[in-house]
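Per-chain residue numbering starts at 1, and chain names A, B, C and D are given in the order in which the chains are listed.
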Amino acid sequence: MTAQFLFGGAGLVLFALGIWSFLVHEPLLRKLIALNIMGSGVFHLLIATAERGDLPPDPVPHALVLTGIVVAVSATALALALGRRLEEEDPDG
Amino acid sequence: MDSLALAIGVPLIAALAAAAFPARAQALGLAGALATTVASLQVTALVWQQGSLRSEPGGWGAPLGLALQADGLSAALIAMTALVALATAIYASGYFRPGNRPREFWPLWLLLWTALNGTFLAADLFNLYVNMELLGLAAAALGALGGQPAAVAASLRYLLIGLLGSMTYLLGVALVYTAYGTLDMDLVAAALRPGPVAGTAMVLMTGGLALKAALFPLHFWLPPAHANATAPVSAALSALVVKAAFYLVLRLWLDVFTPLVTPAAAHLIGLLGAAAVVWGSWRALRAERLKLLAAYSTVAQIGYLCLFFPLLQATPPGTAREDLLAALVLMALTHGFAKSGLFLAAGLVQQSAGHDRIKELGGTAQHLPATTFSIALAGTALIGLPPSGSFIGKWLLMTSAVQTGQWWWIAAVMTGTLLAAAYVFRVLGQAFNLEPTPRRFLTQGRTELPALLLALTSVAVLGLAARPLWQLLQPGGAA
Amino acid sequence: MSRRASLAVSLLLGLLTLLLLWVFAQALAQQPGPRLAELAATELPRSAVSNPVTAVLLNYRAYDTLLELAVLLAALLGIWSLGAASPGYQPAGPALEVMADWVVPLLILTGGYLLWVGAHAPGGAFQAGALLGAAGVILRLAGHQRAGLPSESSQRLLAVSGTAVFAAVGLATLAFGAGFLTYPPDWAKWLILLIETAATLAIGTTLAAAYVGGQPPENPEGVRSR
Amino acid sequence: MSLDSLLPASILLSSLLPGAFIFLVPEENHLLRGVLNMSGALLKLLLVGVMIWGVFHGHVYETRLTLAPGLDLVLHADALSVLFVTLSSVLWLVTTIYAIGYLEHSPNRSRFFGFFSLCVSATVGIALAGNLLSFVIFYEILTLATYPLVAHRGTPEATRGARVYLAYTMAGGALLLVGAVWLRALTGPVDFVQGGMLTGLHLEHQGQLIAIFLLLIAGLGVKAALVPLHGWLPQSMVAPAPVSSLLHAVAVVKAGAFGIVRVVYDVYGVQLAASLGLLSVLGILASGTILYGSIKALSQDGLKKRLAYSTVSQVSYIALGASILGPVATIGGLVHLVHQGIMKITLFFCAGNYAETLGIHRVSEMNGVGRRMPWTTLAFSVGALGMIGIPPIAGFVSKWYLGLGAVAAEAHWVLLILAASSLLNAAYFLPILYRAWFCPTPETWPEEQIPPRRLETSGALLWPPLITAAFCLLAGLLAAAPFSPLEWAELIARREYGL
């Protein structure tokens, strides 16, 4: 129980740090990293939920996290491409 | 045959075909749009007969497996999506000049449609997250399709905001799974105990979705994204994509978090809605460009839909509540048709004039009578004048406001109505000028006709023949 | 954002974190039992794979995974719609070339292993696809303009193949009356392997192509003859 | 669905469908447009004839379309609606002929006639509306359909006038809508019932009923140009003459006045309205408007502006009639609905003729015009004398019954209003007649566009005012004949008061 809380709680802290960084920082790259940190926080929480002590872990949250990671990668890739396109248009901005 | 799976599978296969064979993207895309429309309307027809549908991809069933589910609400939105998307697809086939854009447009367009149908049919909270990401990515990619820096920047912002919303939503889902051990909406609803966990999950999920639905004051990303995209994309973003997020808020509040919907919570949504109505309409009035005007008007229209929350909350289950819910759906549908019609028409104006600055549109308005007419019809529906569907919606909204003693919402509705009249007629006033008389009503049927038909639907069909909607929304089906 | 505003945000988020931690503790304390773990384990024999995570991904919640592949495809299509890729990097020095010659086959081999092992141990299409993608990234860094991928039209077919095979299997089971994505027990194992193979190729292609960051060049310079 | 239930819808569609098709007619195709216009107008007249006969013999015509559960769009023919429908249909036919002549060489005719037909359809819808919801629907459609007509010329003044018009009518529409919704929420569906829909049962909500009445009257008062809500009317004079004629005689102001009559008689019921003290409010508003409009008319040099203020004043006779308790005053108000219409349309046709033929826009330019355009001026004189109330022209009948009704209701102050108003009418109309007939003809006209030939102006412009002037005379001379406006108003009053 304690391990579960610590692991999941770390996820929540990551999530909050991600929001903070997203709100406070202007550059695209930092916002994207912030979003990915938020995502990691949520994934942490799910993995913590899966923990069952000596029993084999709950596979469902694991699968959800795998799906979530692929989705996050896709979104990050698209955002980076959009960002680079903007930079090409306006190298100073 | 599982019509629910087909409503998602058909557009998906069509999208893949259009992506794999770019040289034939347009033909494949149009054929796919037609097939998807048939598949979607089949869902609506079956819901009409049976009241609700459920199917379980994988055959495992909840809670281990996933489920698709359709009731009157989702069937109505699927039907609207089908008709709007089909008309927009036909428009798009005439709108894009040959070149790179058609081949990029069609697969993304069909993926967007897949995600919309998937969202309306999903019965699983995590599956909704994946659907919303598909929706968000396809929408952002489509929004940037023009390639102008303004469009790319707006799409990027839209994508980031969407991701922020999704992550917040997903945290809520994770809490729900931690506390209740299931992701199926019905099972969560059955297991739900009011308390801090459920409350936090509801706030997180609603907050994330409100960001995507551009609910005031989280609407700031919408106007640039919707105003800078190409016309068919703007139409879909404003008419359909925002609606999908709003639909989820409604679904969660009505069916999942029911015991947590207190008067205070409902009033908060109502208050934000009222602010959105006034602020969105005011900004639309001040907008200098036609498409920006249309985009701000979407902010206001989402506000109208939010006004229904406190009224629904205060109305005990029964005929009055069913009427109110139907009025809400009617307003959402009317806005979907009207706004898509308006954006398509605005696209033609922009293409013909080379810009969409309202003050300089006189010649174009005179030159394209059918398009101006579409704007007028869509404007009628946006103001909420008879005989449009939103007139009936507002009538029922205000009746309910009087009956539940919440008369203050009437003030918001009337303010929004008058402001809407002002911004619509600011555009229409440009059509009366000393330019030469147009020779024909219709000049380019393939693009003008879809816009006109969409706008006409919002006025004549939804205003005068909306009664089947009530039957569709009946719990047991119409037949 | 001004200093004061950022301080206010920090403070609010600190409070939010505390609230969330408390709520999480409450949620854990609610003791919902084994959640879906037991059910997933009991049904495992019927899922045709022995790795429970793969069972969730490709059988219990296969529809999620299908959509997820579509998300990946949407991202790639979006990236391609933004125009041509930028030229990339200088051709690699000899050391990197030699390393790439060693690492890339190794990655491909490992990918194949992970794909196969996924049925009964941690691994599967995503891990395998990620390794293929990594191979592409290394090739691109080593100066291969298309990250080792074939021409655009072939890339399209490859990227689409994962979702296409998945959706086709789903519609085929539907057509044979079993329901969307409901595999007949005798076929389940092979259908899952088929889907996973296509998905691996598609994920690898998509990740590498996304790394290229735009429409692939028609006749890339710097393609080394192998 | 029986034929009886189709008749109201057919009357509506007889102008709506041609109107929709006219939008699609290519600009050069005058023949097709003319055929659509005229066949719609004639067909409507025919159908209205059937309806008059039927309603007189107690037939019930009702078309009902359910928009949503509990919300019905109802077209229902009773004696009062037939009065207004007949007026609209007859004057539409005449005005269509006039408009075809008037707009012979002007641009955007397909658009004009399309909206013109929509406008008449909306008016017919208002006349036939069987409940408050339907009334509101057509009332708002009327606003939408008239806006393009006011803005039609496309000049900056025209668009400005249209904007003012829209601002007033939209605000009025909003008030009306709120009142209608409120009443609906309070009492359920608000059907128009002869003698009043509300009963003593509803008196427990007395305060709300008074507030709703004020909202409804304010909303309707905008179109009926009750002072101080009349500001749009003089501004919208920029519209082409056929539009002004129709707006002033039939469509817009009449829709407002007709709505007031409906609310007083068929929603509240005249007894209930009186007992709530609402009639006196209405009476004061109407009297004030009558005097104010006339006084403003005195100082106008622009001919159409003077007529516009005259309309402000004259339309309130209808509201005045509704505000006096008793059948005789009711008859006076109702018959004025028709009489004011035919007299005012005559005057506007003539004003249009002066402008089109000789370029005369101002009273001060009218010296001796009677010799150059005798027939037009004759028609104008009939209309003007009728407005003053000279027997045997129609206006006299209205004022006579209003006076009798006031005496019967012991509201003697109304007589003072009538007398003052008639004097003022004379003061702003007689100088025009004097100038036209007795002042010397000037050397040149401001802008002579149609040279004198066999007729003083083109036939399509000349016949309509002559026909309507003849109506004015006949309505007065044959007031006692069956199916005259007066007889019909008496029929309505009998039914409203249950006599």
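Just so it is clear, a residue touches a chain if its C-beta (ideal position, glycine included) is under 8 Å from a C-beta of that chain, and two chains touch if they have at least 3 such contacts.
Remember, predicted model here, so these are calculated numbers, not experimental data.
Note on connectivity: the fewest chain-to-chain touch steps from chain A to chain D number 2. Averaged C-alpha coordinates give centres for chain A and chain B that are 28 Å from one another. In whole angstrom, the spacing between the mean C-alpha positions of chain A and chain C is 16. Note: centroid distance chain B to chain D, computed from Cα atoms, is 42 Å. Centre-to-centre spacing of chain B and chain C amounts to 30 Å, using the average Cα coordinate of each chain. Touching two or more other chains at once is no residue of chain D.
Residue positions of chain C touching 2 or more other chains, listed in rising order: 20, 24, 28, 34-36, 40, 60-61, 64, 68, 71, 74-75, 78, 82-83.
Shared interface positions of chain A, i.e. residues touching 2 or more other chains, are given as 8, 15, 19, 45, 49, 60, 64, 67, 71, 74-75, 78, 82, 85.
Taken as a contact graph, the chains fit none of the simple arrangements: neither line, ring, star nor complete graph. Those residues of chain C that touch chain B in the complex are listed here as 19-20, 22-24, 26-28, 30, 32-36, 39-40, 43, 59-64, 66-68, 70-71, 73-75, 77-78, 80-83, 153, 156-157, 159-160, 163-164, 167-168, 170-171, 174, 178-182.
Those residues of chain D that touch chain B in the complex are listed here as 23-24, 26-28, 65-71, 73, 107-111, 133, 136-138, 140-141, 143-144, 147-148, 151-155, 158-159, 162-163, 166, 170-171, 173-174, 177-178, 181-182, 184-186. Within the complex, the chain A residues that touch chain B are 8, 15, 18-19, 22, 28, 31-32, 35, 38-39, 41-42, 45-46, 49, 60-61, 64, 67-68, 71, 74-75, 78-79, 82-83, 85-86, 89-90. Of all residues in chain B, only 319, 323, 326-327, 330, 369, 373, 380, 385-387, 391-392, 395-396, 398-400, 402-403, 410, 414, 417-418, 421, 425, 428-429, 432-442, 463-464, 466-467, 470 touch chain D in the complex they form. On the side of chain B, the complex with chain A involves touching residues 64, 126, 129-130, 133, 136-137, 140-141, 144, 147, 149, 152-153, 155-156, 159-160, 163-164, 167, 170-171, 174-175, 177-178.
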